[in-house]
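Below: a set of structures, written as structure tokens.
In what follows, subunit A forms one complex with subunit B and a second complex with subunit C.
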Partner chain A sequence: MIGVISYLVFFTTVASILGIAVLGLNLQWGNTGLFNGGVVASFGAGAYGTLMLGGPAQDGHLGGFGLFYPLALLGGMVAAGVLAWIVGKLTLRLRHDYLAIATFGVAVAFENVMRNATSITGGAQGIRGFERPLRDVLGDGFTYNAVFLAGVLVVLLLVYVFLERLTVSPFGRLLRAIREDETAARSLGKSPDRIRLISFVTGSVIIGLAGGLYGTFYAFVSPQDVLPILTFQIWAMLIVGGAGNTRGALAGAFLIWGAWTFSGWALSRFAPVEAQLYTGSIQFVLIGMVIVGMLLWRPQGLFPERLIVSQPGRNREKTQVEGFT
Partner chain B sequence: MKTLLTVAAFAAGVSALSTGAQAQDCTTKIGATLPTSVDWGRPIAEVAQFAVDQVNEAGGAGGCQIEMVLRDTQVDPKVGVDAAKALVDLEGVNVLLGAVSSGVSMPILSSVTVPGGVMQMSCCSSSTAFTKLSEEGKTDGLWFRTFATTAVQSAMGAKVAADKGYGSVAILYKNDDWGQDMARLIAADFAAAGIKVTSSVAVNDGQPSYRAEVTKALGGEPEALYLALYPNEGTSAVREWLSLGGTQNMILANSLKSDEFRDNVGLQYLGNALGTDTASPRVASADAFKAAYVEKFGSEPNGPGLANSFDAAMIALLAMEAVGKDASGKDIAAAVAKVTDPDGTPVTADVAGFKKASETLAGGGTVKYQGATGDVRFDANGDVSAPAVVWKFTDSGVDEVEYLSLGEVDAFIASLKK
Partner chain C sequence: MIQHLVDGILVGSFLSLGAIGLTMVMHILRFANFSHAELLSIGAYCALVFDKLFESVLPVLSAKFGPLSITGALAVSILISMAVTGFTAVLIDRLIFRRVRQKGGELSMVFASFGMALVIRNIIGLVFGLSSELYSRDIAFAMVLSRDPLLLVKPDQVFVLFAALIIMFGLYLVLSRTTFGFSLRAIAENPSLAQVHGVNLRRMVAAVWIIGGALGAIAGVFYGLSYQITPVMGRDLVLPIFAATIVGGIGSVYGAVLGGFIVGVASNLALVVLPSGYSPSVPFLMILAVLLVRPNGLFGEARA
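So, the complex of A and B:
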């Protein structure tokens, strides 16, 4: 039983961290309509930034500043934000699939830089030896994981509340206006370029925060953590959960990550011995089918976007419109 | 929601079935996190299971039958760490075999096995980062690998080049942790042996063409080519290398010791290609492994990491046998020295060998395990050195050209360091 709880704590931690990243992407895609194909670059910038700033001194590569942990995490977020600002300045004039391709390219470039800039990032070996905060006090075992989970949940809650407030604020309405019709928004005297950039950077900072927590949790990051598969996973979570709905984004993170890990567990447990060797491949097929099925029968996601009437100074009114995109 | 409930109900039903079925004898679970969804990962898992089967045939380890619970890592650190955590927490394993990639093994080590006090034995992670981590005392003696550190492999590459009299060599290496380590070490070894490295070029996986990399390597007009690649990209790169007029003088790392590579490149182009590998010792156990493998799988054990995976599983199980039932991961890890003792009773890597080991251990003796990769002996950091072999491709597989005992390997490495 203790094992089950211990595993659930572990699972919830990873799912919550991924959930934070999905919330960041939801701000970009769900609310503003920015097709960010380079989620993993922000995620990686956060993870690498945090570990380099907060880790112990190491020979062979940059980093090891041993900063106070919250500062290191903040540094990781700043790194993600700066990267997003540069990328945003260069690419946000692009729309839809063009933006997706450009940001995807940035993410691949990011991974390659991390892999090859051995003197800065440790190369393919990655950054190791990070001391997780409060480890002296809490030890390494279950207590640590439980406290860490509590910390992650607090962060998740803060991000969630922030984004919920943002969505119902006039700024949230502006984001949706730009998403729906940029020309119309411009005609009302708004500056879509600036707003798109703000949304892109904010979303990326949130994704970077997730990356920082992820690196902290594993006390390790390597280029294998920033492969395009992560972008795909996070997108799958958002699409299944429901783009444009904060709650849906979170539910998607838990559901997809749950399906991803549960299918592996269930197959290893229940598949016949002869099939054990093929469960890895079967798992990929199952996950793919869930996503395809979702897109076919419920393209708006499990929790579709709610139509929100956001007006300052008055009580918020919400009505639900199924399939509003 | 309805489907979710159905799935849950189904899972509950199946779980009730499976608990009913395993009530007979005592069973100890060990975990394995290996990339079974990748083509070269599946045989590594197969051969580990093969070792487990043999131990079960010999009566199990620690008085119990062994069940290996296999999870796929998808070569994704998140997935691998989650699988390892599930194995430790949900299946209660004290021994974990894996992973293959160092980028997966490392987070498993730092966030699952070391905090959980579980022994981790990898067949194939070669990164020098593990040695450093162990030197810093952060592995708690729980980490082992049966993959000889990259240093043996690279020193042999330099020896081949020196023996053949190549004056200059170009290097193509896989752009991952293993390849980068290899490239760095082999360049240093070539320099120490007085051989000029004309260029050292990284090769990324999954590219349709490696023309740019190959052209760059050809630029320095090297007398020979050193390849630290895997069969897939190795095949493409060598094809382009030859078609652009590159030399057929090639030195291959053990990762290319594969029939697939030989068939896809063509044996007629590989006449001057010499490979290096850590070797089987001249004892019956290595032949027994080969023979048993051929009998079981119908082909020679030529894929990367197979002998290592077999030894990893065997040594882990021998250590479990040495400490007996219900031992903690730390106890099992501590017992590894008992079963790889150079002064112990030699045992072979098969059913009979395991039985003999059980008897010796039960009598309070120690055992020298002579495995598929040689007399495995771990140093303080859980690393192994090994005898080496130089090989070449033939019609039926690979043939040995030269064999170097552990002593000769160590002497040659020492001579390079001067």
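So, the complex of A and C:
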């Protein structure tokens, strides 16, 4: 029984961390219509930043500043934000596919540099020996994981509330206005380029936060954690849940992570030995089919965006809008 | 140094071929097709299948052309592969992209291509196995062009370069001298107006996919001749090809040709200063550099 509970705790922790990343992506894609093809770069920047700043002194590579944990986590988020700012600054004023290509490129280059710059990032070995916060108080066992899960859920809740507030705020309306009709927004004296940059960087910082938590949870990060498949997984979570809908995005995170874990388990359990080598390929095909299938048959996701029509002087009317916006 | 330059030009020949198709699709259908590099994989594997088939059925064809490792079987297979890949591209468009196009915006297309790339790449891996394949197991000896500085070139690479240049010249003639070429440009400039003038949009879109797929198939085979055929070759090629289109300017066929050679040369020259492990990052650095200096590329024009 305790085995099942501790597995559930483990599963919920990872799903919640990925859920935070999906919320960040939802701000970019769902609310602002920005295609981020390099989610994993922000995620990785957060994880590497946190572990390098907060870890103990290291031989052979940079890091080991042993910073107070919240500061280290903040540092990871800043790293993700700076990376996003550079890419966003260069591409957001151009045709929309430049952002898609450039962010995809960042992810490739990020993984490549992490793998090769051994003297800075530990190379293929990754960063080890990170001391998880409060470990001397809580130990390493189930208690720690349960407390960690509680911490992750609190962070998730904070991000959720922040984004929900943001979505109904004037700024959130501005984001949707730019997404729907940039020219109209510009004619009202708004500056779409700047607003898009703010949204892109904020989303990436949130994804970086998720990455920092992920690195903390495993107390380890290596180039294997920043492979492009993570970008696909997080995208699948968002598109299944429904872009533009915060709660849907969260549900998508749990659904897809559950399906991913289950398919991995089922394939390793029931597939013949010769096919074991191809487990990854089968899972990748499934993730790709989920993405394409959702776009074909239910582009608005399982839980579509609820457009809130707010008018001054009246109560907010809520309308359910079918269709991909 | 000179060796790197020559290698770069040879790499540029298949990058250009890949980039031409991508830039045409991006110009006419207006989306960044992340699955374009998978057409190169499809082409390379398709040629491999027919090559093996012909060699076993018609042993006459397995004689090599002079110093090349290309056999008659492979030459025929390349032609078949061009057709098959072109029609596969049309099929993927009919089944997936056209439906997404009708439902959502341009970014949904980017997104669908992102998913398709993952599906195609891994299905190839499932069908053909994850290990790499070669068209010919024989060792291709390099010719020594000069001893000081040392300059080595494989006969296959020279063939690839010249074949690529001839194909590009042929495409140039088609695009600049035929009614078909004008219709294609008209569709890219203004789809509605072109349709009013009797250009069949659906047929033109299919033509673009066929050209893109056929050129992609050649590029894939040439890549396979220069290196090896692996299921993940699309993953490794997608960024250099995108870099080539951006350097040349999205929508410009001539830009894509030049961009391919520039990216090929730059990636190889980068080996002089950077350890070889970093070479996958070079195309990204080139994209950033171009966006900083000349956001619309060498020949591109600003378009929303």
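We adopt the following convention: the second predicted complex is superposed on the first by the 286 of 325 C-alpha atoms of A that agree within 3 Å, B and C clash if a C-alpha of one lies under 4 Å from a C-alpha of the other, contacts with A are read in each partner's own complex, and residues count from 1 in each chain.
We take it that contacts are C-beta pairs under 8 Å (C-beta built on N, C-alpha and C of every residue); 3 or more make two chains touch, one makes a residue touch a chain.
Remember, it's a predicted structure, so these values are computed and weren't measured experimentally.
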Identify the partner contact of A:162: answer first if only subunit B is touched, second if only subunit C is, both if each is, neither if none is. neither
If we overlay the two complexes on their shared chain A, which of subunit B and subunit C does A:97 touch? Say first, second, both or neither. second
First (subunit B), second (subunit C), both or neither touched by A:278: both
Under the stated touch criterion, which partner chain does A:85 make contact with: subunit B (first), subunit C (second), both, or neither? neither
Please indicate which partner A:171 is in contact with in the superposed arrangement: first for subunit B, second for subunit C, both, or neither. neither
Regarding the shared-chain residue A:268, is it in contact with subunit B (first), subunit C (second), both, or neither? first
Looking at A:69 after the superposition, I want to know if it touches subunit B, subunit C, both of them or none. Which is it: first, second, both, neither? neither
Is A:105 touching anything from subunit B or subunit C once the two structures are fitted on A? First, second, both or neither. second
For A:295 in the superposed arrangement: first (subunit B), second (subunit C), both or neither? second
Where subunit B and subunit C land on the same part of subunit A: residues 112, 115-116, 277-278, 281, 284
Which residues of subunit B touch subunit A in the complex? 11, 14-15, 18, 35-38, 41-42, 45-46, 49, 69-72, 74-79, 81-83, 85-86, 88-90, 92, 101-104, 106-107, 110-111, 114-116, 127-129, 132-133, 136, 138, 175-181, 202, 204
If we count contacts the way the header does, which residues on subunit C are in touch with subunit A in the complex? 26, 31-32, 34, 96, 99-100, 103-108, 110-112, 114-119, 121-123, 125-126, 130, 235, 238-239, 242-243, 246, 250, 275, 277-278, 280-281, 283-285, 287-288, 291-292, 295, 303-304
Subunit C-touching residues of subunit A, taken from the complex the two chains share: 33, 35, 37, 90-91, 93-98, 100-102, 104-106, 108-109, 112-113, 115-116, 228, 232, 235, 239, 277-278, 281-282, 284-285, 287-292, 295-296, 299, 324
Residues of subunit A touching subunit B in the complex: 3-4, 6-7, 10-11, 14, 112, 115-116, 118, 123-126, 128-129, 140-141, 144, 217-220, 222-225, 227, 229-230, 260-261, 264-266, 268-270, 276-281, 283-284
